[in-house]
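Labels for the chains are A, B, C, D and E, by order of writing; each one numbers its residues from 1.
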Amino acid sequence: MLELKNVQTYYGHIHALKGISMVVPEGEIVALIGGNGAGKTTTLRTVSGMIKARSGEVLLRGRNINGLSPNAIMQMGMSHVPEGRRIFPQLSVLENLEIGAYTITDRKVVAERIEEGFALFPRLAERQKQMGGTLSGGEQQMLAIARALMVDPKLLLLDEPSMGLSPKFVEVIFDIIEKLNRERSTTILLVEQNASMALAVAKHAYVLQTGELRLSGFAADIARDESVRKAYLGEE
Amino acid sequence: ATVIKIATLSPLSGGQSDLGTQIKNGAQLAVNEYKAQFAKLGFDLQLVGYDDQADPATGTASARKIAADKSILAVVGTLNSGVAIPSSAALQPSHVAMVSPANTANQVTDRGLSNMNRIVARDDAQGPAGANFIMSNLKAKKVYIINDKTAYGEGLAKEVEKALKAKNVQVVAYEGTEEKNDFSSIIAKIQLQKPDAVYFGGIYNQAGVFIKQLRDKGLDTPVIGGDGFDSAELATIAGAGANNIYFTTVAAPIDALPAAKIFAGNYQKAFKKPAQGFGAFGYDAGKVVVQGVLAAIKNNGNKLPTRVQVENAIRKGAFSGLLSGSVTFNSVGDRKAAKMYVMNVQGGKYKLATTVNVSAPRN
Amino acid sequence: MTAAPTQARRRQDMTLPLLLLAAVTSLVLIISQHGDVLARLGGLGTFLGNPLVRAVVLSLFLANLLFAYRWRTQPWAKVLVGAACLLLVLPWAGRDNTSLFDTAIQIGIFAALALGLNIVVGLAGLLDLGYVAFFAVGAYMWGIFGSGQIATILKYYGEHAGATNAGTLVIGLLLTVITAASMLFIRRAGKGRAPSRASSISFGLASFGLVAGLTLTGRALLVLNAAKAQGLATGLDAGFFWLFLALSIFAAAVMGVLIGLPVLRLKGDYLAIITLGLGEVIRVLANNLTLYTNGSQGTPPIKSASVPWLDALAGRLGFSPDQYPLFFLYFLVLIIISLIILVNIRLDRSRIGRAWIAIRDDEVAAQAMGIPLMRTKLIAFATGASFAGIMGMIFAAKQAATITPESFVLNQSIGVLSMVILGGMGSIPGVILGAAVVTLLNLSILPSLGEATANMNIPQQVNPAQLQRLVFGVILVVAMLFRPEGLLPNQRQAMQLHEGEDDNAPAVDSIEADSGQDAHAEMASPGLAGREDDERTGGVK
Amino acid sequence: MLEVRDLTKTFGGLLAVNSVNLTVPDRTIVSVIGPNGAGKTTFFNMITGIYQPDKGSIQLAGRELVGLRPDQVTEAGIARTFQNIRLFSTMTVEENLMIGRHPRLKASYVDALFRTRRFHEDEREAREAARAILDFVGLGRYLKEMAVNLPYGDQRTLEIARALATTPKLVLLDEPAAGMNPRETETLKALIRRIRDDLGVTVVLIEHDMRLVMTLSEHITVLDYGTKIAEGLPHQIRNDPRVMEAYLGRGAAAGDYGKEGGEVRA
Amino acid sequence: MDLSTLAPFLVNVVVGGLVLGFVYAIIALGYTMVYGVLQLINFAHSEVFVTGAIVGYEVFRVLEPSPMNGYLKLIIALIAAMIVSGGLNVLIERLAYRPLRNAPKLVPLITAIGVSLILQDLLKIIEGLQGRFDLTYTLPQGFSNKFCATGSSCAAFGDTLRRIGVDLQVKDIILVVVALLSLAVLNYLVNHTRLGRAIRAVAQDRVTAGLMGIDSNRMISATFLIGGALGGVSGVLFGMKFGTVNAYSGFDPGIIAFTAAVLGGIGSIPGAVLGGLLLGVIQNLIGVTNVLGSITGIANLAAIDASYQRIGAFIVLVLILIFKPTGLLGKSNTEKV
């Protein structure tokens, strides 16, 4: 589905990704973990076109999408829940969802998807008319996820979906992730700080450290890796 | 050939550039007319247009540049009194004579600068002339006075008000407006107060809009103004409303003077635009300056005169062949005696209503 | 990256080139202003006498200062070039062409204005489109007292004394003292405590009383002094110039606070438009309050201080008496500008300067760090205003013949803003350069285009003389497109802008632009974008 | 130390915080938890003066804070961090901290103009304090770095440092561990302890990371729909059925939270 | 002066103010559109609308000899002005604003000022080449204060207006109708269509809008197109109403219109209209204060004449903003374009 080949990304002169290569096979959940500033967010941004890789290739279904604008990439069936949620603060919850479904022109489909979103997060249904900017942090997170699901993406990029959510909701989110993958065979690239949960749902995993790949392999193996346990799972 | 330069100082860029350019163009025609005569004496007469952007500070800076260019012997300018006053003061120490084609504010010559002259009538000559016409010819009992809040318009309107009050004519309102587009509130007041005449101290491009809107409301009240009205554009802007308009000016009506017709033709030919009021004044002022320089040359034995000599020649000289007749200046640079014409616009056509003789307050 | 070669170039010692350049441009400048020498130079003289060439020479000459500042040279060379250019060469050339003084003083005035506005806009992030109002306050302050206008005013009050002037004075003084005292009391009592509705209302009432009291007192004083009108026919003695120099700073600062108090609670463009409005209010008042300002007719001639020894010096150096005032003002402006730069630098690198930048970056966070928004903004406003005030006074003295409201139009405010942005917001050398560039363009280079082409056969409609705005506009747009951070950018801003900007800039919009200030404020934590936010962070006193 | 009584706030018809009481004794670490949208952040916003409460009182060491502006609250001794990071983006790390120092500096405008002794002392003090605090939180290496260029987790820590720079009596931390991995959270935990132990600053914490909350807090208050539904010691809260139902979910039932290093799921 | 003359006077002052207000309102809409998306005071908008006015002038001039129906001419003029002004606005955005997307907010403000200066002179050159400066609208027949042929129902409408003392002309009515129509269309477009939603999303967060599949550059172009087209419409209406325009006429009304947009709550569409109407009425009321003063005998009022019109409006702005810091209808959490 998605493949990165030796991707190098810069912020000005900050070298954020120093040659990343990874594969996200169709229909799989792939976890991407790493410490602060490792470049996880940058990887997702590079994939979705928010920032252009200086060199290397980003292949989506075999086509190099590096350099395309995000809107062009999104039209190819991808969705991205960005870091920091990025809710439209002055649009209502409902409008945020409608914008999420911007590329769908069939109104009926949009209405159905919105209903599905409300079913997943009843709190959003309660707050349909509230402005996105006044939602609490967790509510915004729910909205961001629901918004990304509006287009029923083939490939979903999730940047720390559990951030700011209550423990109960973290479980809900992971359930949703598994369910999407199972029922709609959505391919998911998951960035998480909550590494143990991420590794539990993912099949493959990559570990990033300061812009470089440190480890890759089956998630279960990585979860057992001594150094990973120490560095990311907080175990001494 | 020795270069002799005449400068113009007027707004060439920005919102008032249209008026300022007219002045420069008019002066250019005057210079063109005399070029050959100067060439015969071995001089190359040129005109340089300086820009004051209608801003006093820019005008002062330009004036100092003029002062520094020793080949410039005299200046035609400016459009705005607010610019003329500091500029002439800046030019005075180097005795660059200045002849104003437009500044009517009393203050311009009241300072008694040796270099500052003007060919237009002072506010306190033009104002009373307008007021007199309102009283005697229009027989108005109630007059509504408007001004454009500039040194020109307000200065003129003040004098009109003074003259009318002195003659016990009722001034129902005296007010200023900087508005250029919408006059609905003023017109509503005119509808309410029903004056017999409206005096508008301002320039034709603002007054024209006002008159148009006034007539649109079905009001035929006569509107009187000063030489700022003197432009064919006034009738164009006022459109169907170009009726019952009167204005005082020192420039003779175009068809009264053959010279005026020639001037208009030359202007159109040179600048691809019809000649307008400030063009004629610019031409006259330019002519005064050029004739003054010529006189100074003659007095100096056909040699290049000094600025002081030019200054003197202009102040003391007599100039003729102008669109506004002939000119001599009094001790402070005001036109000694001038015939003032009161023009009437009726159905878009300009014709002479009457003439008034005015003389400068001092001699 | 283009930075590398520049750096390499700058690493070389440029002392010699600088000195050479300075010497050459100085020489050319002096020659190009000297009519007699030019006449003797024949073709070269004609070339140098061309207005456009002169304008370019002047610009190149002034650029020496920029090079002295920028180039890596021996420190003494910088000082030498700076001092020689400003103290020797420019006055020398100005002796032959007074307009150089005029231009230099105008550059100084605008540089001070730009520095003041830079504090307001560049540091504190408050967009002020009515800045010229403070300039007008300073100008009219001296324009009224330093001219015969004061006599007119006194005469008027002499004739309209009012029934009991002594009574007015007493009431005025009493009101002033009582209200001022009660204001102090309310402030003292409420210190550190939440202002209650009652206390803020009473404070408001008291401040109204104070204004009324001061007005009455002022009026009474005017009436009392009416008899002096005769003696003041040409204004106060020139010796008062120095006192008023101080007063103009003060008056403009007070004005800044008075205008700032109601409007500084507004944000962003609301503030911009309200200041624009107030700027217009001041101009229209100047145009309408004929008694005080003589309205559109302009004030009577305005005095300048006379410094006998300086005049004597100027005389000995061959300046003509009409140049003395400009000679004096030129050096005065130099001194004031140096002081203003010093003040700027010191404030910028201090607690208050940091607080301004913090407010610009994030008001909510700044307030949470204990920075009182209102007070800090007011200080910025007042400081900026005071620079404009003192320069307004210099402007009045420079114009000498009269000042009219035409000098204080909205376009002036916009012009000063463009100097700040063009030069580099927040950067002291930047805004000075911006002021110099814009002033030179407006007073020297662009007009010279028209003057130089006066005798060419260019059709009227496309004559450069008439296209100054167009050329200026093009320069503005092009400069901003190529150097959005300004000509001499502030370090902080340059850093921000250049991140993410290079050969492979992000496909759409760079990320950090959106995680930057604006989006930040909008995407604030839940609730912080709410309406309450507006009410609270405004800091109700 | 902090005494909150009957604090209430509504937004339109929504009762965001409903008559909440909270007592924070001196030198304790106290947590406020609750489901998303429970009103925790709103509660903080009222304490720090960003919102005006509809009702209730807030007293810091006996002094009423309701009605004060945010800067006055900070001056009174309460500092905070934000749920969404709000650092000063055009400033370096050091400058961010010096801004934090603002309310404790005394040099006036005039001092700055004339560079008096007080000014120099002040500046030196601020600089030293900045460095000391930075070292204290472990970000010393970033002193001259632009704050925005720091990794997310370090920016969070920097916000804490900036709050500490105001020498508060009490800090309010809004989800300080969000975006940190468990390892980093451990470091944060140690830091919060040191803030209390070494600096003697009282800490109130909002957090969804139960490992952090349960091991760190001496007292926990649980909000749901703006109302306090439980309070007490960590183990009481962990086992409170209402809290489990509303907030903790299945993981809590398994009793995984609170055990150092406990895995959530296999 | 008694009530029977004063009442129609005041009615006319207010009605005149409202008509004026509609002119401001529709100009303000153009500002507000662009402001809403880029948070940019588009100083060039005043020239965009002057361009519209000039296009309208040219259309009327060219069509003057044609026997075509006057209303048809007006429609042609409006459409031509919309196209030219809209296109011009898009072009301006492309050249002067788009390259500065990531620059600090004030930088595009300066280029906007630069573009405004450029356009002023360009327009002057274009008309100047034909020997014109002040352009006087010559309206086709039928726009006078005679409403229509006698006997018809619209003539009756005109008669009724005159009977109750309201002094309106056909062009005033047209102006109001077109302005209201634009308002309705714009409001629908922005608040109830997919395009409008996308524009608003771009306004708030361009990057994230991109993530939703929205091409932000296209949306911004669309916004400038709409804003420019509105400018074109307002230009023609402006020319019709006031009779003359020149290359520099845009500045003053532009400033007032932007003030109106701010007064109403910048970014809010109904706010812009409300602000425009309010300013129009206030200006006119202040313009007649001296008459009211002299009638009521309050000397201080009598001193307030038309020269205070503009600043009166600003003072009202100050007062309103002090109590409502985000304008009349601009709540920070309500609709923004």
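Here is the rule we use: a residue touches a chain if its C-beta (ideal position, glycine included) is under 8 Å from a C-beta of that chain, and two chains touch if they have at least 3 such contacts.
Bear in mind that the values here come from a model prediction, so they are computed numbers and not experimental data.
Asks: What's the minimum number of touch steps needed to get from chain A to chain B?
Replies: So the least number of steps between the two chains is 2.
Asks: Using each chain's Cα centroid, which is most distant from the centroid of chain C?
Replies: Taking each chain's C-alpha mean as its centre, the farthest from chain C is A.
Asks: Among all chains, which one's averaged Cα position is nearest the averaged Cα position of every protein chain shown?
Replies: Centre-most chain by C-alpha means: C.
Asks: Distance between chain A and chain D based on Cα centroids, please, to the nearest Å.
Replies: Distance between chain centres, rounded to whole Å: 28 Å.
Asks: Provide the C-alpha centroid distance between chain A and chain E, rounded to the nearest whole angstrom.
Replies: 45
Asks: Could you state the distance in Å from the CA-based centre of chain D to that of chain E?
Replies: 50
Asks: Which residues of chain C are in contact with two or more other chains?
Replies: Correct list: 284, 287-288, 460, 466-469, 493, 499-501, 508, 510-512, 515, 522-527, 529-530, 533.
Asks: What are the residues of chain D that contact at least two other chains?
Replies: 11, 41, 83-84, 149
Asks: Indicate the residues of chain B shared as contacts by at least two other chains.
Replies: 13-14, 17, 149, 176, 178, 272-273 - these are the residues of chain B that touch more than one other chain.
Asks: Which residues, counting only chain B, touch chain E once they are in their complex?
Replies: Spelled out, the residues of chain B in touch with chain E are 13-15, 17-18, 146, 149, 173-182, 184-189, 191-193, 205, 208-209, 212-213, 216-218, 233, 236-237, 239, 272-274.
Asks: Under the stated contact criterion, what part of chain E meets chain A in this complex?
Replies: 194, 197-198, 200-201, 203-205, 207-216, 332-336
Asks: Which of the residues in chain E end up touching chain B in this complex?
Replies: So the residues of chain E in touch with chain B come to 1, 5-6, 9, 12-13, 16-17, 19-20, 23, 121, 124, 128, 131, 133-134, 136, 138, 144-145, 167, 169, 238, 241-244, 246, 248-249, 251-253, 283-288, 290-291, 305-307, 309-310.
Asks: Hey, which residues of chain D end up touching chain C in the complex?
Replies: Against chain C, chain D makes touches at 11, 41-42, 45, 48-52, 64, 66-72, 74-76, 79-80, 82-84, 86-91, 95, 98-100, 102-103, 105, 107, 109, 111-113, 115, 119, 122-123, 126, 146, 148-149, 162, 165-166, 174.
Asks: Give the list of chain A residues in touch with chain D in this complex.
Replies: Going through chain A, the ones touching chain D are 11, 14, 33, 35-37, 41, 83-84, 123, 134-139, 141-142, 160, 163-172, 193-197, 200, 230-236.
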